[in-house]
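Order of writing sets the labels: A, B, C, D, E and F. Residues in every chain begin at 1.
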Amino acid sequence: MALSDLTVADCWAYRPDLTVPEDLHAFWERTLGAAPAAAATYEPVDTGLTQIRTFSVTVPGFGGEPVHGWLHLPATATGPLACVVEYLGYGRGRGLPHEKLFWASAGFAHLIMDTRGQGWSAAPGSTADAHRYPAGTVPGFLTRGVTSPEDFYYRRLITDAVRFAQAAQEHPAVDPDRVVVTGISQGGGLSLAVAALFPGVAAVMPDVPFLCDFPRAVRVATEGPYGEVAEYLALHRDQSGEVFRTLSYVDAAVLAPGATAPALFSVAMMDRICPPSTCFAAYHRYGGDKDVRVYEFNDHEGGEAHQQLEQLAWLHKLFGR
Amino acid sequence: MALSDLTVADCWAYRPDLTVPEDLHAFWERTLGAAPAAAATYEPVDTGLTQIRTFSVTVPGFGGEPVHGWLHLPATATGPLACVVEYLGYGRGRGLPHEKLFWASAGFAHLIMDTRGQGWSAAPGSTADAHRYPAGTVPGFLTRGVTSPEDFYYRRLITDAVRFAQAAQEHPAVDPDRVVVTGISQGGGLSLAVAALFPGVAAVMPDVPFLCDFPRAVRVATEGPYGEVAEYLALHRDQSGEVFRTLSYVDAAVLAPGATAPALFSVAMMDRICPPSTCFAAYHRYGGDKDVRVYEFNDHEGGEAHQQLEQLAWLHKLFGR
Amino acid sequence: MALSDLTVADCWAYRPDLTVPEDLHAFWERTLGAAPAAAATYEPVDTGLTQIRTFSVTVPGFGGEPVHGWLHLPATATGPLACVVEYLGYGRGRGLPHEKLFWASAGFAHLIMDTRGQGWSAAPGSTADAHRYPAGTVPGFLTRGVTSPEDFYYRRLITDAVRFAQAAQEHPAVDPDRVVVTGISQGGGLSLAVAALFPGVAAVMPDVPFLCDFPRAVRVATEGPYGEVAEYLALHRDQSGEVFRTLSYVDAAVLAPGATAPALFSVAMMDRICPPSTCFAAYHRYGGDKDVRVYEFNDHEGGEAHQQLEQLAWLHKLFGR
Amino acid sequence: MALSDLTVADCWAYRPDLTVPEDLHAFWERTLGAAPAAAATYEPVDTGLTQIRTFSVTVPGFGGEPVHGWLHLPATATGPLACVVEYLGYGRGRGLPHEKLFWASAGFAHLIMDTRGQGWSAAPGSTADAHRYPAGTVPGFLTRGVTSPEDFYYRRLITDAVRFAQAAQEHPAVDPDRVVVTGISQGGGLSLAVAALFPGVAAVMPDVPFLCDFPRAVRVATEGPYGEVAEYLALHRDQSGEVFRTLSYVDAAVLAPGATAPALFSVAMMDRICPPSTCFAAYHRYGGDKDVRVYEFNDHEGGEAHQQLEQLAWLHKLFGR
Amino acid sequence: MALSDLTVADCWAYRPDLTVPEDLHAFWERTLGAAPAAAATYEPVDTGLTQIRTFSVTVPGFGGEPVHGWLHLPATATGPLACVVEYLGYGRGRGLPHEKLFWASAGFAHLIMDTRGQGWSAAPGSTADAHRYPAGTVPGFLTRGVTSPEDFYYRRLITDAVRFAQAAQEHPAVDPDRVVVTGISQGGGLSLAVAALFPGVAAVMPDVPFLCDFPRAVRVATEGPYGEVAEYLALHRDQSGEVFRTLSYVDAAVLAPGATAPALFSVAMMDRICPPSTCFAAYHRYGGDKDVRVYEFNDHEGGEAHQQLEQLAWLHKLFGR
Amino acid sequence: MALSDLTVADCWAYRPDLTVPEDLHAFWERTLGAAPAAAATYEPVDTGLTQIRTFSVTVPGFGGEPVHGWLHLPATATGPLACVVEYLGYGRGRGLPHEKLFWASAGFAHLIMDTRGQGWSAAPGSTADAHRYPAGTVPGFLTRGVTSPEDFYYRRLITDAVRFAQAAQEHPAVDPDRVVVTGISQGGGLSLAVAALFPGVAAVMPDVPFLCDFPRAVRVATEGPYGEVAEYLALHRDQSGEVFRTLSYVDAAVLAPGATAPALFSVAMMDRICPPSTCFAAYHRYGGDKDVRVYEFNDHEGGEAHQQLEQLAWLHKLFGR
């Protein structure tokens, strides 16, 4: 394992000149503007766990389509809870209901969003993404509709993510002033997008975020899904203009200046999947108060359980324990 | 490069006990029974070529959905022509119109079918596969709807393939008694399925066919798309029964006994993607006259240009040159 | 991913002829016979969790040396609890105290044993293995003292594992008749050894167990730590007799006939690290009631969260929920 | 896939200081000066194709030795034709006569040169290179005689290439003012050398050219035959001076200033075999009018069929369609 | 590292049915029959060593062509010495004169034969192989002239090897009754061939011999030069008959029954380059007294320094120390 | 193979700003200050060699612990000899006594130090390192005690190395004014450390030295043991300060300014294990007269036998032949 991107010093100095689409705000206002078709629903699930109560969640996402998830509550909770809304890494679905127990064990409400259409690696999912998309999509999601911002998969997924944050705020067990969004990799990129598009969040904790600074990421990432874009453009040799234009609408580094909530980032310097320079691009442009934990010798696994403790301490300080 | 499947001698002796669904015929009769919604259309294309005339083809495929392709005719052709219908390998689309010139240069009509939804590797395509499918599909096509024969991707693709063979037969420049189906890998599996389901074909030439003997292929292929099924079942640990049941409806080795046209197979003994034993499973069960060219030291590239000459000679003999 | 060991059918039929050292019982009686030097100690830890109480554990292990671990108790538990004693996979240490929350969340006491000297991958540890061992040890633990049963690392580690099961039985919050041992890979092999050497356990749940059928494992495993033995013997070409003799003292398949507690195994058919045949060798020889979950398309990850649910259901049935 | 050489911007700015041997012109004048020993011969071949007439070609190459090839003519051609002379990529031979049909199908004469001694990968050949060369050649051709410009393999191969361009000009079906040289990789390097050494060519179309800027290429190419030179120098540690001196006589970037015909280059930015900087070195130094198609997300496959269309359009424009 | 060929038990039982060319003896008699054109020459070399005297050797090999080598003599030797003639592994040349000091340090004359044309890996050489061979040779030596026994490279190399053994016998410092041939890999195959073709050798010590049982080796070796033959036949799909016929003339397992000198083999059970079954094929067929050291956990490195001691002890016993 | 670190020009200019611990001298004075507990012992060994006499050596090393080795003397030596003290590469032990014959064959005394605890790759050893070290050591030696200079493995190993140089000086057959230290990789790093810490050495010849410029090496080495440190810090995310502090006490580039003996370095520009920039860091800081052989196209094998001749010539010049 060795550095395959910029050094720490160069990352601190890296300020890419990203193209912001003129109609970025209009695009997202239009996309998010419609009122939800229906309310979120919560079905209790018998997980066999005694310390945590779990619900199968359905939130109307993009186009009002049902997006599933899990809600975990500490079994003994009373009064409104701070809520951690978690978005998942690329390939994962919401998995089995007993898999992610940290935040509820720590006394938080914990709302996990399934990722539409995904769920083939690490954990299965149960949310379809039944949208038409043209031939030639590279297997995966990065190029699903990538020639048009309207049709692009991540437009739908970011909308879902905003809806989950909104649903969290409206849940009776949750204190609406303490809704936090977080996630690792794709989940980190989504949480940044939500922070930019939904001012209601109290904090954001993106870990080794994906979906940042596409023009550089597609050229320097040596592993992982950014390569889908490179693979697509290797075959569709004349579409690079429209592809990068589409990507700019969902690029978390492009969206980041619009965010105001306090943020705790994490970045890994030997990350071959989400190169650290691209995470720093989002960090440097982030609009709110911010801090970052840098893991100098980690690949894309980043801070793992170590970072969970950093996040717990940071939230305890932010909210007062 | 070394053997990674059975030896030649063991392949000649290999006779797997494949499960044939009771309603196999009914399933395909029902699927193929509906009359086509519309006729095929042919638009001339300016390729810059002077010796070959090319048309962009649209054939109503499964559900009447438009499936594209190319038709090449020798520039100087007169009178009805023998026609080679070609299905493509996994990942390819129909590509650019000037890429496959052999059969038309040899005086044949040559009809190439785009593969719905594919076209991300080697050659782009232009045919969408706009069907709903559940979450959890492994990137690719092998598990798209794999828990139900009705919803499975290959039900649609095989239907498209039959429609192309029928369209060839109806084209005014083509002699309907000399329609041949062929293809490499996925194209080979499709040509076998067409031979089994559409008695109108005069001959079939499957090369290193994919889609054969799934129960073994999924367990022994060390490279390539059969692994998508294994990857799916690694996560969806309790679905193996229904998955293999679905696969049996499109398994070319299951369908092969129903074919009657003469066949020229090719098999490669060091094929890690379509293990030779699985190709031989289809060969042994094939219902018509048959012959096979065995390439002992080739991987999945098989016979390549060498096999083209074998095919040309075999067709010249079959049809009288 | 493909099979790299025997098929399922061949695994069910596989019965290796393993050499059992004549003095096996005497060896272990002597090793385990000494009374513990001191009692286990339990220090409460502030993990920030509210639903689970956690203690840092120290149990006098082999030679009375301090072996650390974690004890998790459900925050609201009253009355004696069934206790799951967990041993860890190769390379892991006990990690951070908030990492493994499943069993306590499900209402069990959960005792996790640190692995002496290990803790360099996935999770750090805090227990040293300060024993002399000769030059030439292949980096890792499989050949640490492997030329003598007395000096072999796994003699010490199995002793530690027995001590933890005993400590669990003695803890005031635990029902001594419901102490279960479990673990994945190395943890699975240790739990089998404990079941054979300590009759006090009520059940054993070994997942994809390591340390089974060394004579075959060392020759067929294509990945993972069994290769350390092959690497050692590649250099120390004349020591194969004494090495396999030493290994036979800690081979869980050799020890397995001595066990009587009911067992729930899991085995993965595409496991390249702990080949399924070697796990089945232990299963077939296991002395008590037994059942096995076979994951046909998984590598060494085995059943993961899916298997946790199988285990929870099996324990609920065994103990009455 | 990611960048492994310079960025596009850096490639546009890259101007290496290449050493030009003082006697470069004398060397090539002497080498090419002798009159051909005999005329090219053309034997008709029965390929089974009806739209294209094919001839097996023999041209007296270096030392008058017979070098084979194919000539394709459109079946219906009349009057003098523009002729595309194609040199092949490293490892290929001329292959079977029906493999490359594009240019003749487009109405051009198409002359393909076999590569002496090569023909072990992708396509077999039939031209021997029966020259003595010393022990220690790294398997392949890059170090065959590399310690002396006189004995070096590429001196012979470039001579063959010039002879084929001359033979094209003299063929009765060919318009001598419209002879174009082209090729991919090694073929691209050869076409550049021919353009520099034989003023009679009307145009040159080098794709992802090999044989360019050896001093850099040998140090930065991570895949492919440039590595043969590094491997040679790793063993023959004191020959680096004479080796790079020899290479400078055949380096297409060294020769390029001498060319005057219009040129259409292609370069791939993720090319690991022929690093883009080295192709740009030749481009920047090229003496004639020039243009370049840059494929930003392709490895050594470059523009493929896409580039064929670029070339056809460029030639139509150059020659008037 | 794991077994990739037969088990030890299966190797002991393996008896392939190898085709022996009818004219095998005539072929070799004709090849070796001619009297040497000239005598061997020995030039002293200043290596800087004080304990060993070294000579640069030239022996007239096949066709009387000069083949180089080294002769080492112990500095203090008097009286006729036992002589070890060593042939080298594939890719090596004779290297620098001070590289192989074991046998002379042990009091033997040590004659090392350079390998014509080789010397690009591990150690350079200085002997050319200036023979014509057709296009299409896979880089390397296994297919150089492989379509004809007369032209095949190994006909020349085996002849060289016999000439070196003869030269050893004639050297004044050597006891002609104690000439031993040995070598690793290719050197082992050559030493077997010499033992079969030159009755004058007193002993043969082949280590992990190459050039044995080609029909199996080409199909099962997963690494190394046997793959050149598979690669050749993958392209030249119709030459398998003549290729295996040619190989049978130089196959050490085919030649082995003709040998009578005592032999000490070594075989490595995890050898991926020279699969153990193919070495055992030669062992089982060997005509003289024989013994074998089996290294169960080694790849192609085999016994290394350990085997040197076995050889030294075996020779001391054979010759009386 | 390609450059993966700096170019030659950049290496010549590279001057890292290394942190020198304030108590560096005190640390080493204290460590080395104690008088040896006992004298070195020499047991004759029967290797079967006649030209070289060999002794099994035991030198009291760190803490007076026995460290083994070999001493080779030319069989005919008389009078005091120059002595080459050799330290070994990472993973090697002293091996069998007949493996390294060059220096004694050249008339030197040759003392080889076994490496405590190592000896699992390439050559076995016989010296244990029976020191306590905490859990979490990454398999290997780079992190054994790495959180404290007192406990760090390399403190002990460097002490051993100094003791061997001292023992050489005291041996009756050795001229104490001509003791040279050398070694490859780890052996090169050790020889630099000895040159810095023990002024008695007459010369030092470090080849592709390891243990140099840790802060850079740990971040840029793509292969080999420097990665152990990165792996350790990937898990122990908060220990980077103390780890690099410990490493600075044994960093050969930190120690190098203290050396005064003439030095002949070798560096390989494509070295992925000991990146050339890190070797040059030591070279540039080296305190004595110095020269360097740069191998531009070699990986970590460096100059091999070629460099041996350079060293022999350099010593002959230094000492007068």
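The rule is simple: a contact is a pair of C-beta atoms (placed from the backbone, for glycine too) under 8 Å apart; a residue touches a chain by one contact, two chains touch by 3 or more.
The chain list, named the UniProt way, goes like this: A, B, C, D, E, F = Acetylxylan esterase.
Model, not experiment: these values are computed from the prediction.
> How short can a path of touching chains from chain B to chain C be, counted in steps?
The least step count works out to 1.
> Please give the intersection of the contact partners of chain C with those of chain F.
A, E
> Look at all chain centres (mean of CA atoms) and spot the one farthest from the centre of chain D.
C
> Using mean Cα positions as chain centres, tell me which chain lies farthest from chain B.
So the chain farthest away from chain B turns out to be F.
> D-F versus A-B: which interface comes out with more C-beta contact pairs?
Pair with the higher count of C-beta contacts: A-B.
> Same or different: do the copies chain C and chain E touch each other through matching residue numbers, with over half of them shared?
different
> Please tell me the distance, in whole Å, between the geometric centres of chain A and chain D computed from their C-alpha atoms.
About 50 Å, centre to centre.
> As a quick test, compute the distance in whole Å between the mean CA positions of chain E and chain F.
37
> Roughly how many whole angstrom separate the Cα centroids of chain B and chain F?
63
> What are the residues of chain B that contact at least two other chains?
123, 231, 306
> Mind listing each pair of touching chains for me?
Taking the chains two at a time, the touching pairs are A-B, A-C, A-D, A-F, B-C, B-D, B-E, C-E, C-F, D-E, D-F, E-F.
> Using the touch definition from the top, list the residues of chain B that touch chain C in their complex.
218-222, 227, 230-231, 233-234, 237-238, 240
> Within their complex, state which residues of chain A touch chain C.
Residues in contact with chain C: 48-52, 74-76, 95-96, 98-99, 101-102, 104-107, 123, 305-306, 308-309, 312-313, 316.
> Across the complex, what residues on chain D touch chain A?
The touching residues are 1-3, 7, 270, 295-299, 301, 303, 306.
> Give every residue of chain A touching chain B within the complex, in rising order.
Of all residues in chain A, those touching chain B are 93, 114, 116-130, 132-140, 143, 231-232, 235-236.
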